[in-house]
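Scrolling down, you'll hit the structures one after another.
Common to both upcoming complexes is chain A, partnered first by chain B, then by chain C.
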Partner chain A sequence: MNEAIFFLNNAVVPGLVIGSIYALGAVGITLIYGILRFAHFAHGDLMTMGGFVSYLLAIGLAGIGVSTTFPVAYLILPVAIAITAVAALAIDRMFYAPLRARGVKPVTLLVASIGVTMMIQGLIRLFFGTGTYNFFEATPKVIHQIRLPIEGVTRPISFTQPQVVMVLVTVAVVIALHFFLTRSRFGKAMRAVSDNADLAQVSGINLRMVVRITWIIAGGLACLAGTMLALDVTLKPDLAFNIILPIFAAAIVGGVGQVYGAIAGGYLIGFAESLSVFNWAVLLRPFRDQLPDWLPTNLAIVPTEYKLTVAFVILVITLLVRPTGIFRGASL
Partner chain B sequence: MIRRALILYALFFGLVLIVGWTMGAPFTARLLVETAAYALIALGLNIQWGYGGLFNFGILGLVMLGGFAVTAMAMPVSTAFWGSDGPWLIGRAIIAAGIGALLIIGAGRLDRIGFSRGWKRTFQVLAWIVAYIGFRTQIDPAVESIESSVRWIGGLGLPSWVGWIFGGVLAAGVAWLIGKVTLGLRSDYLAIATIGIAEIIRALIKNMEWLTRGTLTVSPVPWPVPLPQAYQADGISVTDSFVYARAGYLILVVAVLVAALLLVQRAYAGPWGRMMRAIRDNYIAAGAMGKDVRARQLQLFVLGSALIGIGGAMLTSFTQIYDPSGYQTIDHTFLIWVMVIVGGAGNNFGAVFGGMLIYLVWVMSEPVSQWLFTRLSDWFVSLGWAPIPEIASRALQMRVFVLGLVIVLALRYAPRGLIPEVTGRTRLDEKPTTKTESPDPA
Partner chain C sequence: MSLIELRSIVAGYGGAPILHGVDIAIDQSDIGVVVGPNGAGKSTTLKAVFGLLTVTAGSIVFDGADITNARSDRLVPMGLSYVPQEKNIFPTMSVEENLEMGAFIRRDDFSGSLASVYEMFPPLKEKRRQKAGELSGGQRQMVAIGRALMSRPRLLMLDEPSAGLSPRYVLEIFERIVAINKSGVGILMVEQNARQALQIASRGFVLAAGQNRFTGTGRELLDDPEVAKSFLGGAVPA
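So, the complex of A and B:
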């Protein structure tokens, strides 16, 4: 039983947590791809920016004497989301809209988004340096431990409070997004544009409005994911730049342009990463007397230092075997 | 167009003179060597993107492979390794990998002896799993044994220029594999796939300490020309010795760059180049004319990667240290893209010019912004505010921002680059055709 709990703590919980982050990021990427038809490379830095906006607001609130028993970041999250959404709109207005108006190829927009990536990174590092920041300077991170009332079980199931909040928030966002896309006027308009932009426009859908809403949702989700990630680990300028490729992998594996696919892809990549570096020999420990001697003590599928490559390998395999992704997204 | 190119090149050398006057001759000599190496890398990318419209965002991996090639060839032979049982262990791992590859290839051919598609797939997956487990059972003990006894396998003790050639060959070989796998993808997927592959290469080089020494770094990598220390032994002053040695290195790099530029330019102007541009501009039409689109694109990918690998090898042997953690996507992939976009995709002289100019901007934006920040900080103090803290590390980050700004501005105001590709040579008197966009194969 202890081994099963070890598995839960070291493979399932991390997979769920990082999967949630990937899912939130991948939804934004896939929405932008569906509406604007380009791979938005600056999404990772939008997430980092969201994290830093939250951090600044949290410091500001602490500065004027607000103190809470929970991390103050939860309180300011709506404001931070609004600010990041506005920033995303501004970035689109300044850098992507002029190029779109000229009718450039999607790939030029991709290169432009790399430029935006570098500008955001440069600015963040200019103001915050290269150090790490922590949301938990005022209030300690709460760690929940659940002890199972079973004989012989010594290990508790443990996870932190931000992790619980993160998974719950992701579920809530997914449900909200589902109702927005299927029930609301704007959501239906977005799906129509994603299916066929020309047809949607001749049916009287305001394309500019749809683009704006896309950026608001994508920016808001990016801020949410960035802040959540910063709460789970620490806040640093290259926070999301390092996970933008797994997020792209999640969006592509799920099927580009497919919101549910992005969520599935996010969790798939997250679990693939945590399960492939998990030492499976631990699960065999109860049977160690029956096992042959030649079995190595470390049965991880890939060594821990290659964790990052798991997402890329899955990405490359998906691109080769089923380029439309699980949910049949935009075809090649 | 030629006059414009000449003026721009003259302006660049004017800038270099200003830099030389303010920063001193040894610094300028170093800058010029690195500039020439980056120009060669930019030329390599121009072959892929400018001629073929191929989205290679995996430059980082190819540059790293070039650097590794130099260390593998030029570092001294490790007698401790060759005297131990290490070579036999590595040999067994290579044999295991070979058997695994045979299994995988064999499983892929099963349909020829009457297996259905489903069974073939099943056996293919099984073959991959068996090959992976087989390889791991051999390589893991080998790595453990080498890393605990002799640390790494050392080099081959060959001259540095052999390493340069091997760098080109290694990068070309890996690019052939990458191209075989990814070139069928649409442009933006190709970009993401190549970034991913570059990250895999980086992770491998960083962690395979037995082969590359990983983060422990390899130094000193020998030079193909006499080092400053050799000149100092002859009684030349330290400053002058650096200038002489770097000038010697510069001559070698520039010779390679000029040779590559002339050869590539000749190929570009000939029927081969016209075919490549035809494929780039309309691959369906080119395919209908009987051109083997995939094979030609693979050719471009391999050729460009060879130049990138050679450039990476030159950079590594110049700095004399191979540190895998010193390679960043921004400095080694995005920077090269900015060079080609700003210089002019599709024009070799444009790409080389972009390589030189952007590298100069990249290097000089650090001291310039440091100077600006110091002034700004002094002004803040005179206003009674606090001075800016940590100016040195902040100024270093400014260049990332400057580079991003350059990309966005170039795409918006000069999408065809400073020295654009010449299209429609017969109508030079007319305005250039209304081609506003760099071409895209899809």
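So, the complex of A and C:
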């Protein structure tokens, strides 16, 4: 039983947490691809920027003497989301819109987004240096522990408060996004543009408006994911740049342009990673007397430091076997 | 005054112009049909009206307002609607959502228009929850025309509505177009199926090499031996 709880704490919870982050990032990437037809490489840095916006607001609030029993980051999150959404709109206006107006190929926009990546990271390093920041200097991170009332169980199920909040918020966002895309006038217009942009325009849908809504949603979700990730680990200038590749893998595995695919892909990659680095030998411990001695003590599929390869393996298999992804998105 | 008037339009895709002075004028009561050989600039004419390519000379006037080179999403609220020849549906959206997108510019209750589209095309009502991309060619064309009607246009422009349809559907689509016109919507359509289309036309325009060659009522063009010989594939059958 203790082993099962160890599995829950060290494989299921981390998978759920990182899967939520990947899902929120991949939804943004897939929406941008669906509407603007390019791979937005700077999305990770938009997430990092969102984390830093939240951090600045949090220390600002602490500076004027606001103190809360919970991390102040939850309080300022809506403001941070709004600021990051505006920043995403500004980035589009300054860097991508002029290129679109010239009718450039998608690969040019991709390269431009790599430039934006470097610019955002440079700006963050300029103001914050290369160090790491912690949201929990004032208030300690709350750790929930659930002890099961079963004899012989010594290990509690444990997870942190930000992890719970993150998973709940992700579920809420997914539901909200679903209703937005299937019920609202502008949500449907976004799907129409993603389906057939020319026809959407001749139907009277203002493409610029749809592009703006896309950036607001993608920027807002990026801020949410970046802040949540910073709450779970620590904030640093390359926070989300380091996970942009699994996020892209999630979007591609799910089917590019497919929102539900991106969510499924996010959790798939997240769980694949956490299950691959989990030491399966732990689960065999109750049977150690019957097992041969030559069995190694570590049975993880890949060592932790090679976690990134898991996303790549899944990505390569997807591209070979089903290039359009699980939900049959655009073929790359 | 005509509902729409194209005066000596010169237009193209950026290179050499494809249209070298096209003149078209129709009233709201008209079914205007543009026919002509491949490459004559028929579809290009419709695209030029709908702001999908650049008009370099001449002018387009709709109901007294100059709409030369207007952006297409601005034309829909003015009362123009356009059904492209290909890719004229939203394939992953349901039939009903396709129709809703046609009514995107309307902020009033459009359930009446929805009901009348379903009345005109009963198969669509049955399949309203189905993805439009899963429908047959004829039903897709119904979705496309239905979508264009949802904005309550005064002028409906159709680019080869019968292309790729079986003869049964061609007849049905033409009948519907006549009915739409009777309900007070001007029609301007391009057709490959020239003889059949001119039979329902009140105004016919024969284009060749980007210029008007013949203009008249549909009957006049059908009866003109020269038009019949050059553009309708032989003499009028007895």
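Some points to look at:
As a convention for this text, the second predicted complex is superposed on the first by the 331 of 332 C-alpha atoms of A that agree within 3 Å, B and C clash if a C-alpha of one lies under 4 Å from a C-alpha of the other, contacts with A are read in each partner's own complex, and residues count from 1 in each chain.
The definition used in the following text is that a residue touches a chain if its C-beta (ideal position, glycine included) is under 8 Å from a C-beta of that chain, and two chains touch if they have at least 3 such contacts.
Source: prediction; values computed, not measured.
When the two structures are aligned on the shared chain, A:Gln121 is found in touch with chain B, with no touch to chain C.
Look at A:Lys188: by the touch rule set out above, it reaches chain C but stays clear of chain B. With both structures placed on the common chain, the touch criterion links A:Tyr267 to neither chain B nor chain C. In the superposed pair of complexes, A:Asn196 makes contact with chain C only, with no contact to chain B. In the superposition on chain A, no contact is made by A:Phe278 with either chain B or chain C. If you count the residues of chain A touched by chain B and by chain C, you find the higher number for B. After overlaying the two complexes on the shared chain, residue contacts for A:Asn206 are found with chain C alone; chain B is out of touch.
In the superposition on chain A, no chain A position is in contact with chain B in one complex as well as with chain C in the other.
Residues of chain A that touch chain C in their complex: 185, 188-189, 191-192, 195-196, 198-207. The part of chain C that touches chain A in the complex is made up of residues 50, 52, 72-73, 75-77, 82, 84, 87-93, 97, 100-102, 104-105, 147, 151. Contact residues of chain B toward chain A in the complex are 55, 140, 181-182, 184-189, 191-193, 195-197, 199-200, 203-204, 206-207, 330, 334, 337, 341, 390, 393-394, 397-408, 411-412, 415, 436-438, 440. Residues 38-39, 95, 98-99, 102, 104-108, 110-112, 114-123, 125-126, 129-130, 245, 248-249, 252, 296, 303, 305-306, 308-309, 311-313, 315-316, 319-320, 323, 332 of chain A are the ones touching chain B in the complex.
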